[in-house]
Amino acid sequence: AQSSVTVYGLLDMYMQYGKGDGTQTQIQSGGPQGSRLGFKGTEELGNGLKALFQLEMGINADTGASGQGGLAFGRQAYVGLSSNELGTLTLGRQYTPQFVTVDSYDAFATGTGSVAASGVVSAIARANNAVVYASPSLSGFTFTGMASLGESSTAGQKSFGNLYSASVNYAAGPFSAALSTILQKRSATTGEDAKYALVSSAYDFGTLKLYGLYQIVRNQGTVEANDRREAMFGVNVPVSAQGTVAGALGGSRISGVDGGSASQFSLGYLHNLSKRTRVYAIASRINNSSAATYTTTSATGDGPVNTVGGQDVKALMLGVRHAF
Amino acid sequence: AQSSVTVYGLLDMYMQYGKGDGTQTQIQSGGPQGSRLGFKGTEELGNGLKALFQLEMGINADTGASGQGGLAFGRQAYVGLSSNELGTLTLGRQYTPQFVTVDSYDAFATGTGSVAASGVVSAIARANNAVVYASPSLSGFTFTGMASLGESSTAGQKSFGNLYSASVNYAAGPFSAALSTILQKRSATTGEDAKYALVSSAYDFGTLKLYGLYQIVRNQGTVEANDRREAMFGVNVPVSAQGTVAGALGGSRISGVDGGSASQFSLGYLHNLSKRTRVYAIASRINNSSAATYTTTSATGDGPVNTVGGQDVKALMLGVRHAF
Amino acid sequence: AQSSVTVYGLLDMYMQYGKGDGTQTQIQSGGPQGSRLGFKGTEELGNGLKALFQLEMGINADTGASGQGGLAFGRQAYVGLSSNELGTLTLGRQYTPQFVTVDSYDAFATGTGSVAASGVVSAIARANNAVVYASPSLSGFTFTGMASLGESSTAGQKSFGNLYSASVNYAAGPFSAALSTILQKRSATTGEDAKYALVSSAYDFGTLKLYGLYQIVRNQGTVEANDRREAMFGVNVPVSAQGTVAGALGGSRISGVDGGSASQFSLGYLHNLSKRTRVYAIASRINNSSAATYTTTSATGDGPVNTVGGQDVKALMLGVRHAF
């Protein structure tokens, strides 16, 4: 009884046999893709102008809770206007351009097995109170910029909590490449700003697609930390009409902190039963240096429990994803 | 794949340049209308009888949270039966008749810029455990009554937390007028009951529509306070096929509390890009007496931070609303 | 604008005149059926195989909150694959086979008035991190088995928090019968496992349908308690094309705890205004032994407040249910 809204989503559930602090069997939500329920739509306004919106809830289907710490629409919530010539302007809770770039150049698309999902490669997924501008494609180039406001009213601290992110992407046939950056203003008076800068590229040979990404990070996330250099490489190989093999290798090197570095290797096979339904098997291994405690993770943030520095993590995931 | 439920909603987001404790730039959800996602439907049962329901979630699209303090369907959640001849009886979480009346006689419809949204004019929006009866129109008169139960089982305190509200509305061509009241039983043994009584009227001249409302309040909301006398006046002027100018002026006078009074003036322009999509600019100013700390507010309850008594507040809002 | 997902639900609201600690009038959500909003779908994959999913939110429509303690989809959240020949395998938050069996052999279907809703007959409704296998019907027999994982990684405690449940159902014309069981591993080191075992049967004479259920319980729910023997009997009588009378009688006997036993009697009339809309009146009475504090309850967990051991509870409920 309604034509202006599309209800959509997907459920992705898997069994995981993992080893961290100990061996562990888990039923998890959100493997290659986070389980979600969404509502979206567009309206043509004439003259190449349209209105658009999207509301997307993350779902921890293993427990019935909503994801992203219990938010109603923690994945995305925005509204905006789009012009064929001028680009798209949206307001709300949105993905950072940096995260979208990492996701696009990740053979595991920031899902389970991804070097970025485990945090070995750093990304800030979403930001509140955000304005995002996305340009139309200009000779293969697209630009995306975000300003997310901390909304401080305190004198001398007006920019605290603000986050800025931008990316430039270039695509020409099988080749694509991107530059992306984040500047996150500290909300505390003493902390230094977090800064991310990455370069990435991909090439689709038809028989396989290769991905590479290199990132320099200062004061990662919301805590003041030492410099990090991160890299990840990936490959997607279509092995049949229905099946794809994915592989990824990545690592981070932290200067100034002894034993904070880690590396990860993942291999997966995804088999499409239909366009909407897929089964998969993914194996991932993280080698933690003496002080690192990275673990593979689901979209709900649960992986094999790993609290002891230097302990390696292994995980085998068998699952199903159904989109609707 | 479903004909008995309508999925609907709207997203309303704006940028705000405000001044309260300090200057502040904000991205907010819920300007002229609160962002929402809803599910509703009716079923004809024959003989002029029908069943109806509505579930409506408030959305803070700037953060992805659900509104009204995190409720799944904090705006409305009710089911009921309706008869053409006998009227409509509904049970659930519902708007009070007093709020519906204030909303109907407010040039800003209790959205951003509204004298009632800031609290200068008092309203109690919703009540839990509520039965609402709405009469059919009788010679232009309609009656609505609500009983909301506190559900106390303690002897001598059975009515504590109960809320009663009623309104009578009269409409005849361009003229309409209403009386409305609230009686809120205190849940504590010592407090006195809160009582609201208002009279309002509107006249649509075609070239403009005028609104006026006057209310007497004792022990406003949930705290025992002194008497208040509140008034608000508004005008809507259609200036083109797509554009409307709205203006409002209102104030409250508190007896017995020094410096608790305040006044507010708002001016806005709303421009329809289509029936469903609108852009708008609204400016509002509140003059607080020495002890008052009112601020303009969004549907999420966030306005310019204002904590110092007597400080005036200014806000300029630029936004977009898309209904679906 | 979407054919692969069905939006459905129901709202069930009622007024209750109850007596527990004192007399009490309440507006409640979830009488004979819990109020809910759901999203579900199936996809044919060919060769008798299909994918299926369901997301179902419980709604406390009296307050607008989501049910099951605030979960987004606290009733059900699962995805799976189904084969005509091999059966159905689903992963997520799901009903236990024991609860489904109790529900099927309860004249009040675990709604208000049900001996199982009040807890006099024990049931564990749902489990997280669950794999459920449901067989196809084999000569009238169907088997359902669940393993719900506690996901512990602690050595020697790997099974803590696990829950296993299974049921076998037999149906032949008007006759049906079931066996069902639960084994719940304690999550604490000292507690003993909870064990449930039940046998149930029903016969549909056409003019009425009779139900019976008998259950032995050790260490009920999540606390270590003494042995319980529980029984409930019910009848559904179609008295007209639109009306059904329901009756239920049940009780529990606890060995080793003085005064922990209770019995309940319920009588209801449900009248269909249409296939989707129903009004109803239900009366229920619980006789508590000296230490028991059972109360009749809604799907939101609210009944007449009853905190004094040995106090009997009476409730009369008048309501409406509308499905969509």
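When the chains are written out, they are named A, B and C in that same order, and each has its own residue count from 1.
As a convention for this text, a contact is a pair of C-beta atoms (placed from the backbone, for glycine too) under 8 Å apart; a residue touches a chain by one contact, two chains touch by 3 or more.
Please read all numbers here as calculations on a predicted model, not as lab measurements.
J.: So what shape is it, when you link every pair of chains that touch: line, ring, star, complete or other?
T.: Graph shape here is complete: every pair of chains touches.
J.: In terms of residue numbering, is the interface formed by chain A and chain C classified as same (over half shared) or different (under half shared)?
T.: Mostly different residues form this interface, as fewer than half of the numbers used are common to both chains.
J.: Please compute the angle of the rotation superposing chain A on chain B (C-alpha atoms), rounded to a multiple of 5 degrees.
T.: 120
J.: Where the CA atoms of chain A average out and where those of chain C average out, how many Å apart are those spots?
T.: One centre to the other, that is 39 Å.
J.: Counting only residues that touch at least 2 other chains, which ones in chain A make the list?
T.: In chain A, residues 2, 4-5, 7, 41, 70, 72 touch at least two other chains, as defined above.
J.: Touching residues of chain A toward chain B in the complex: what are they?
T.: Touch residues, chain A against chain B: 1-2, 4-5, 7, 39, 41, 43, 45, 49, 51-53, 55, 68, 70-81, 91-93, 126, 128-131, 149, 151-155, 158.
J.: For the complex, give me every residue of chain C touching chain B.
T.: Interface residues on the chain C side: 2-9, 11-15, 20-29, 35, 37, 41, 57, 59, 61-66, 70, 72, 273-274, 276-277, 279, 302, 304-305, 319-322, 324.
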